[in-house]
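Two complexes come next, and they have one chain in common, chain A, joined by chain B in the first and chain C in the second.
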Partner chain A sequence: MSIFNDLSIALQRKIGRQRLRKWILGSIPFIFLIILWEMNSYFVWLEPVYIPTSGSVWEAIFTLQEGCEGVAAAVALDNSCLMTTHIFSSIGRVILAAVVGLPLGIAFGVIAGMNRTLSKFLEPIGIFFNSISGIAWIPLAIVWFGIGWQTTLFIMLNTIFWLLFFNTMLGVRGVAKVFEQSVLTMGGSRWDVITQVYIPGAMPSIITGCRMAMGFGWRALIAAEMIGGDSGLGFMIFTSAAEFKIEEVFLGVIIISIIFMATDRYLLVPMERWTIQRWGLVWKPT
Partner chain B sequence: MAVTNTDRSISEAAGRRSTLAQLWRQIIRIDAMNLVILVAVVLVIWTVISATIANPARYLPSPLVVGLSSVDMIYKGLLPSYFGDTMLRLVVGSFIGIVVGVPFGLAVGLNRTVADMFYPILNFFQSVSGIALFPILVIWWGNSDTTVLAVILYTAFFPIAFNVLSGVREVPIRFIQAARTLGASRWQIIKDVLVPGAMPHIATGIRLSIGFGWRAVIAGEMLAGREGLGWMIFSAQDGDNTARVILGMVMIGLTWIVLDHYVLRPFESETIERWGLVQR
Partner chain C sequence: MPEKLLVENLTHHYPDEYTGESVHALDDVDLSVQEGEFISVVGPSGCGKSTLLNILAGLLPYHVGKVTVDGHMIHGPGPERGVVFQEHAILPWRTVNRNIGHGLEIRGVPKAERDNRVAQFVDLVGLTGFEDKYPHELSGGMKQRTAVARTLCADPEVMLMDEPFAAVDAQTRITLQEELIRISIATKKTIIFITHSVDEAAFLADRCVIFSRRPGRIKAIVDVDIPREERIWGNMNADTRFTSKRDEILHLVREEVSVEHEE
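Presenting the complex of A and B:
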């Protein structure tokens, strides 16, 4: 018992009593769910056609990766490494859309937000395009680009761009005029005003926009891959469902949730917190 | 004389100009006017683009064609029927989600240990999108209304339950202590302190739930092929009827704007104004 005591004390020192308590309590429902799942595979209350056994989900990884020749082939998106290829193609699209969409949205948002009349004028456009959720664009995107990676990329880009455009515009518009005027009085150029006043002032709003954009964009991407894609995790689970391979569907859903949770918790939330601490003029709850 | 005359005329002209400018500024400030100009500009740009590209009927039909297609669809009664189907799904799904989610969040939030236990799992399911679960539900129930309703229920339930839970937890402890000092029973604390205190979060949760639910309805109808606005744009794309696709998109956007800006946001801000705890 003393080992457990020592371990418990060491853990409490390292993590902190409250956090440790929250972790342990928070993991109980997950463990309960897993136990329920295991019991279902053992007692077969529901047929494996509806709820696969955990073992078959684990085996689905190897079925999908069958014939994959090591890491090099997986990175090269070899057709035999189905799971990793789908994961990489989804993540690659997210990264590509973020790299293109974030700067574009921020740039247009700053330009529109600098002029009060223009931004008032353009506000309804932002509201309208944000209201047509990314998903509603899928049929039109299929007409324009056909089924394939262009459609999915377009859906993601579209979602990211409008959210960031709108948030940046509102953020820039909310920056007090005094800051801009003082920089101009002290001989700053227009460019100085943009880099020193507008962007830092709009930063909390921009980062909130980023977080929303990634959340909505990722959801829209999964839907787009299901309907109009030919690769990616959404495509993988949709085709597996059509073939009634429920273990592959479960695997895909688990991977999707893990990726989303990980990016949100370890990338976006810390970024948001850091920005609000560093740049926040007014703290706004998201 | 002459000097004063010119002076007067100058000042009069200046005055007139300033009133004109004021008037113009007032007009600019009127949102409705803005909106009319904006819509006109967008329509003109849209028409020009659709006139210049090859095969506009397939890629971008002009606003006129889209308008005609809407007249056609209303005349045939398709548009109202699809619209009604979608709204019915949304209302039923989010109503059940809210009616189940609010009491659940409250019940779980009352006890600190239980709340800490359920917080991560609700957060987890809140962020797993219902659309990703769609293939599983299709295997369970096929391409049926049950599937679409289950997706909406799932997407509506978790945001509201999560928000109510965190709302109850964020009621300051000293309010509860104050009520308890004054001899309030457990039920009175729930009724008079916790529920009113969580009210703003409940309102935000309801708005979030319906927002996510709306997206889920559209996606669910597309994927499961149940009649509604989502299915309308999807089948129109299959039938090469791009005018109908754009009509559906405009309908989806407008419906959500009306719902969000004229129903949900006023409801939320009213609730926050009425019940919001301002902490100093």
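Presenting the complex of A and C:
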């Protein structure tokens, strides 16, 4: 027992008691799921046609990566390195959509948030377009852009933009008037007010918007790739399912989830910690 | 002494936010403030004293009358008129240092010079050791010290203060009032201080302006001839020069409050 005790103390010192607790509690459902999965492989409650064994999912990685040589092959859309090709294809579109969509949504949101007239002008049309969920645009996008990257990019951009637009607009409207007044009385310009008051003041909403945009956008992208794409993880899942390669479908789903969890934890959560938590703008658990 | 700020025949109406009815906030206000003078404005709540301050700050456009600073009509806010707001007006996303240096940053003062000036004012308001803290890590009194330093650091001609100590606890308020006196001696700024506290108005000002209830008119101006160096709470409460002036102001303010109640 003393070995376990020492180990536990060493671990607690290294990562901290609270974090260790959170980490252990959070992984219990996953462990449970994996055990259930392994038990199914053993007792075969459901045939491997429906639920593949973990071993076959593991092997699917190598089947998909067959004939993979060099970095170029890993990215190029050909019949080699299918897994990495599709991963890079999806991630690339997420990055592109984020780089274009986030600043655009924030910019229009700030403009609409600071100008009552303009927001009356833009809000109804925004609600009109936002009422149609992201994926409902897929058929129309296919008509406009055909099957391919343009359609998937459009779907994701459309989802990201409106979420950021609305969140930023509401955030800017909620910024206390006195902050703006204090910058104006120090001789600040409109631009100073935008960059030094509206954007940091709306940061709690903007970050919520980013997290939502990444969540919904990522899901919309997968759906768009399934129906209107010619590459990406959604496309991979869809084509694999059509060929009854159930282990590839499982692999795809697992990869998608891992990428999404990693983006949230290692990009969006630190961003939140670095800005609004440091500024005391959110309730912080002690 | 030259005239720093001049208000002539200032009358102001504004539409009520809910009913839309026209509210008569200020009626024919005349006030002349000398350079380096400390003026307090006191009156019953809703008398229009904050409206006056907002007009002076340039945050509220006015249509009837004339307001000039150094002979120039004011149109909108300007860095020559610094404002210290009630509370929560320093930016939560800036540290104490960056809040205090904000005015200089807006003006494009180089960082080295800015840091130098900021350090001076951090010292003046007694915030040494808290330079890199964010506002949420400060007490109410420290936040207002930061707010005062921020306005002073931008070096305005006139400092407008809108009940800046109303939200801090009584002990801190007394300290802040004494510090403000000390700062006013050190910086020789022209200060207009809005308050609803008669004690505060009498303690701080060279001249105390008493407002009538709405529509706000200047009911009386009381001179408090006590050298600023002598203004320390420990002495003032027993000083008849102070207590008599305070009672005079209190009487004038209470007349307005009681008239309101009789109606």
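The criterion applied here is as follows: the second predicted complex is superposed on the first by the 250 of 286 C-alpha atoms of A that agree within 3 Å, B and C clash if a C-alpha of one lies under 4 Å from a C-alpha of the other, contacts with A are read in each partner's own complex, and residues count from 1 in each chain.
The rule we apply is simple: contacts are C-beta pairs under 8 Å (C-beta built on N, C-alpha and C of every residue); 3 or more make two chains touch, one makes a residue touch a chain.
Predicted model only: the values in this text are computed from it and were never measured.
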After the overlay on chain A, what do you see for chain B versus chain C, clash or fit?
fit
Once chain A of both complexes is superposed, is A:136 in touch with chain B (first), chain C (second), both, or neither?
first
Contact-wise, after the overlay, does A:186 reach chain B, chain C, both or neither (first, second, both, neither)?
second
Contacts of A:176 with chain B and chain C, given as first, second, both or neither:
second
By residue count, which of the two partners contacts chain A more extensively, chain B or chain C?
B
Once both structures are overlaid on their shared chain, how near does any Cα of chain B get to a Cα of chain C? Whole angstrom is fine.
8
For the complex, which residues does chain A have touching chain C?
176, 178-179, 181-189, 192, 196-197, 200-201, 203, 275, 278-281
Once bound in the complex, which stretches of chain C touch chain A?
57-59, 76-79, 81-83, 85-86, 88-93, 102-103, 106-107, 134-137, 150, 154
Interface with chain B, chain A side, in the complex: residues 21-22, 25-30, 33, 49-50, 117, 120-122, 124-125, 127-129, 131-133, 135-140, 142-144, 215, 218-219, 222-223, 226-227, 234, 237-238, 240-241, 244, 246, 249-250, 252-253, 256-257, 260-261, 264
Which positions of chain B touch chain A when the two form their complex?
28-29, 31, 34-35, 37-38, 42, 58-59, 113, 116-121, 124, 127-129, 131-136, 138-140, 214-215, 218-219, 222-223, 230, 233-234, 236-237, 242, 245-246, 248-250, 252-254, 256-257, 260-261
